[in-house]
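Each of the next two complexes has chain A plus one other chain: chain B in the first, chain C in the second.
Now for the complex of A and B:
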């Protein structure tokens, strides 16, 4: 009897405290919140980018190696794409996992539709894209990435574009696919033969261009979403000039669009260079020698600076390029194994994860001096809720 | 560029040089390397990503020597790089044994 009473009491308090926990949190907006992925621990740290502190840990998210996050249009929920195929909907206000499904064996990232109603996930195994209702995480569409004779390709570079559309690339197949879900039934447009091994992609901030980087050859594949009927064209073909590339110890990323005026800054594969492209003509405008092979090339939101991190063995460095003069202004040493950088929406600060030093360092982008350090367990990706309001992130 | 920024740049490069490691990696360091640095393509739990799974089951019919050679020289024409520039032959050999024998936790 006693034991049962005690158990009931415990159960009630547990239930109560869980229910109360959310209400006990003072009302606030999510515009300045974000998450830091602690990849080995399978956990997110909820962070406040104004106070520059961690607010809470959100646990139980599976294998978060290479995890990325997109946000609901009200900024309340983050959708976390885990390596193990897990799709988790995290409540930034209540600091809980609101829903979670394991939707594939192995996945690489995702996107949320322009109207915020659909969440799409890019899968490696089985290769394809699955689309979910953003509210309920119920499956809405399952698009298998077939190529050749009955083979499945790994999907990379999945991006949301205008309308209920997503665009993605097929690694082994060398194709770009656009899927339109406006009618509820997925309608796929295929662009074959875009180049060897597209590895990642980005969309311009205006949502007009989808640009996929190629790994299997030097160059990028460009789709003008205002004119998909014109097909995909090649950009910067043969930028390596036939020279041998260095071994690539880590794939570069094309997330975010480092754009300053009409010039875009992109990582070169297998070389210690950042490529500068004039997006009026899509011709190479310059190349900037940097300390290593770039992984992320990210522009401060005002486009005045571009920050670059690197593949091993140069991954303890971050370099800052002044876009007006296209010269390096600084080489920073945030910590061992820098994995990601994320600017605050207005660009006054950048958060940088240093995996092997178990910390995140916040830099002032005007002085280039550190403002704060947060402890984190093997931090990788950093994602701010302000991404909710931008297309193609 | 202001003088401060330039000084910062020089300081950064000095630290980088001073921080360069010497000596062989321990087994624990190699295991960490596999999980995190190979993991960027093969998955942190080595269950596969852009590259195939590297679990003992997946490598069951691949001899240790073959795995070691692949680690050192990569698979030409694919995204698998050769790592001889950043590890010794002995390290690659020990790493191959580790992969075959599942010393990696948290699968």
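Now for the complex of A and C:
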């Protein structure tokens, strides 16, 4: 019997509450923890990226379709944004749901402030952003996305940026809003007329640029957060489905966009290509042919490779591109319906979810060989606690 | 009585060993932990970067002059490299020295492998690198820095790079060595003739370039780790003390070099300047006048600012440079003998040690106002556990 079990036994004998048993969990660091979303089951699998094993299941999280997770700055808590408007604060050490609020009818992701004190959620219904105290989940701000004549827009592309600020886009309104909560009271700066139907966005890894993709027209809306006074401008006018409206089997995720040095690697929309863009000029620098319509284009943390997954019918493949030569290095087949990829913080491994094979495969990014396979029930997103240390993730 | 204390009381009653009391430490994440080196006392102060407070003192670490610390990938353990050849594995949760070996007579820093499994130490006496199992501190490799006719060089500038590889420089030999431990047996690649007396080195944040400063001549030795077959080349031939051998009050630290976008910010040697270098071409792009001879030039994680401290007699100052305009933003006076600066991972705060005022000051990097002051006994280096998630730190 290990000491922890002995302690629990002693505690039980002494009549202490079993609900406090987490106090007896053996000490462990949180830097190598992560979660795999088991979408259909509404459950997270807690994983250990050092041992490459599953540690526990955490359920009671509601509808986890399209769920995403951010982490507290101590790495202990994950904030889970469910599709059903649920915001759950999960304790990765105690393996429990520490707090949960259903804060809207329909929501789509969130962010945590640079100082870790505020968690913001992007809501479709009712359209807006709600901001919560990261510790207590008490409501701190409720920003309704009003536009036009008393209508509320769906909010998408919510990102944390420097300061107590969040930036997000209003789908129907064609606006980008920046909210500053440094004073405790939300101060909103509106950027109207940025383009038709912004549908997703990203922040560059340095936190400087907010880029929104447009569903309703081609091009991207760019906000330089070092100079918000300069407003939003349009870049990459050819980025999109084009005049002939190519069929798109799945809209790419913008947060997956990869930056390696001064070049961004973007999923082309509707085309079997990865685009290379020079972010010094925001001009296209090259196109790399790939196996299908890319969904996520993710840079290995050192920028030497980008890894790409695809929309149907090519969603059993993952391709690896060398960024120096801009050529394909390898085509992998992790399993059916690859939904997500997550690199370890220092990039030695990547975890890939293959939903319809109910598994997560871990690859060595140097040898491109599998290191481990974990069983998971219809896995979708994979999120590691080391995200706590990056802006805009 | 809190539950933890109750448990301890119960455990004591039950006759369980007090030595196991760490098992009852309340769960906490490790992502916001850090240590401040109290050099004269041979002690670490464990700090909490969320609450901005000291949590505990950890002593029994030997001579901590010029000590540095790396962290396990779970964030629980710090590996402390003392000047006396001591390698200590400190448990940040249990607040104890978990293991300690005195592995050489005189050493100067170390590194942890990308996968977190190996810890390497750079030794002056006897000259070489020893590599240890990160878990047990058992010796895994002993690489003697032989050169010429049976002599051993002091090893400096030891850095972890992608794979199970470390790169380091041999001071008297004028060589750079790369050791690959992927097979379990060290495979050494030698780069002789890189320049006279390499004295310190850095790896760029993407892990691609290893740069060694030369004490014995001007210029820098550059190894492209994506292409080690191309060998080491000399860059920035004017970097150094110059032909007139300027007086240098303290050699700058190279690991402090800052990268913001494609520009590196370097401490000039002997001059009151920060140099700006375009790393696409390795040509000097600008010089920024500052208050004294810079020692550390550190980029805020978003690259918007660099913070600079100085050699005597200007070592009570810290200056903040805006990287966009390349102008001074502010001159701060944190206290006497500023030795080190450490940014939080997402850059909202910076911790600065002022040795002769026995304090650490925490600044808000947006307002440049102090947020907290911690008492510390002759503080020198400050190291946060979030370093675990970066290559070459």
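Note that the second predicted complex is superposed on the first by the 362 of 393 C-alpha atoms of A that agree within 3 Å, B and C clash if a C-alpha of one lies under 4 Å from a C-alpha of the other, contacts with A are read in each partner's own complex, and residues count from 1 in each chain.
Following the convention adopted for this analysis, a residue touches a chain if its C-beta (ideal position, glycine included) is under 8 Å from a C-beta of that chain, and two chains touch if they have at least 3 such contacts.
Quick caveat: nothing in here was measured; it's all calculated off a predicted structure.
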Checklist entry - Which of the two partners, first being chain B and second being chain C, lies in contact with A:382: first, second, both, or neither? => result neither
Next on the checklist: Just to be sure I read the superposition right, which of the two partners does A:129 touch: chain B = first, chain C = second, or both, or neither?
Outcome noted: neither
Checklist entry - Per the overlay, which chain contacts more chain A residues, chain B or chain C? => result C
Checklist entry - Which holds for A:313: it touches chain B only (first), chain C only (second), both, or neither? => result first
Next on the checklist: In the overlaid three-chain picture, which partner chain does A:27 touch, first (chain B) or second (chain C), both, or neither?
Outcome noted: second
Next on the checklist: Let me test your reading of the model: by the given contact rule, A:261 touches which partner, first (chain B), second (chain C), both or neither?
Outcome noted: second
Next on the checklist: Is A:75 touching anything from chain B or chain C once the two structures are fitted on A? First, second, both or neither.
Outcome noted: second
Item to check | chain C residues touching chain A - in the complex, by the definition given at the top | outcome: 3-4, 6-7, 10-11, 14, 16, 20, 22-33, 49-50, 71-77, 91-94, 114-116, 162-163, 206-208, 226, 260-262, 280, 301-304, 324, 345-349, 366, 385-386, 388-391
Next on the checklist: Show me the residue ranges of chain A that touch chain B in the complex, using the header's touch definition.
Outcome noted: 39-40, 63, 65-66, 83-84, 106, 108, 124-125, 154, 171, 197, 199, 215, 247-251, 291, 312-314, 316-317, 322, 327-333, 336-337, 355, 367-368, 378
Checklist outcome for this item: Touching chain A in the complex, chain B uses residues 1, 4-5, 8-9, 11-13, 15-16, 19, 35-37, 39-41, 43-45, 47-50, 74, 79, 81-83, 85-86, 106
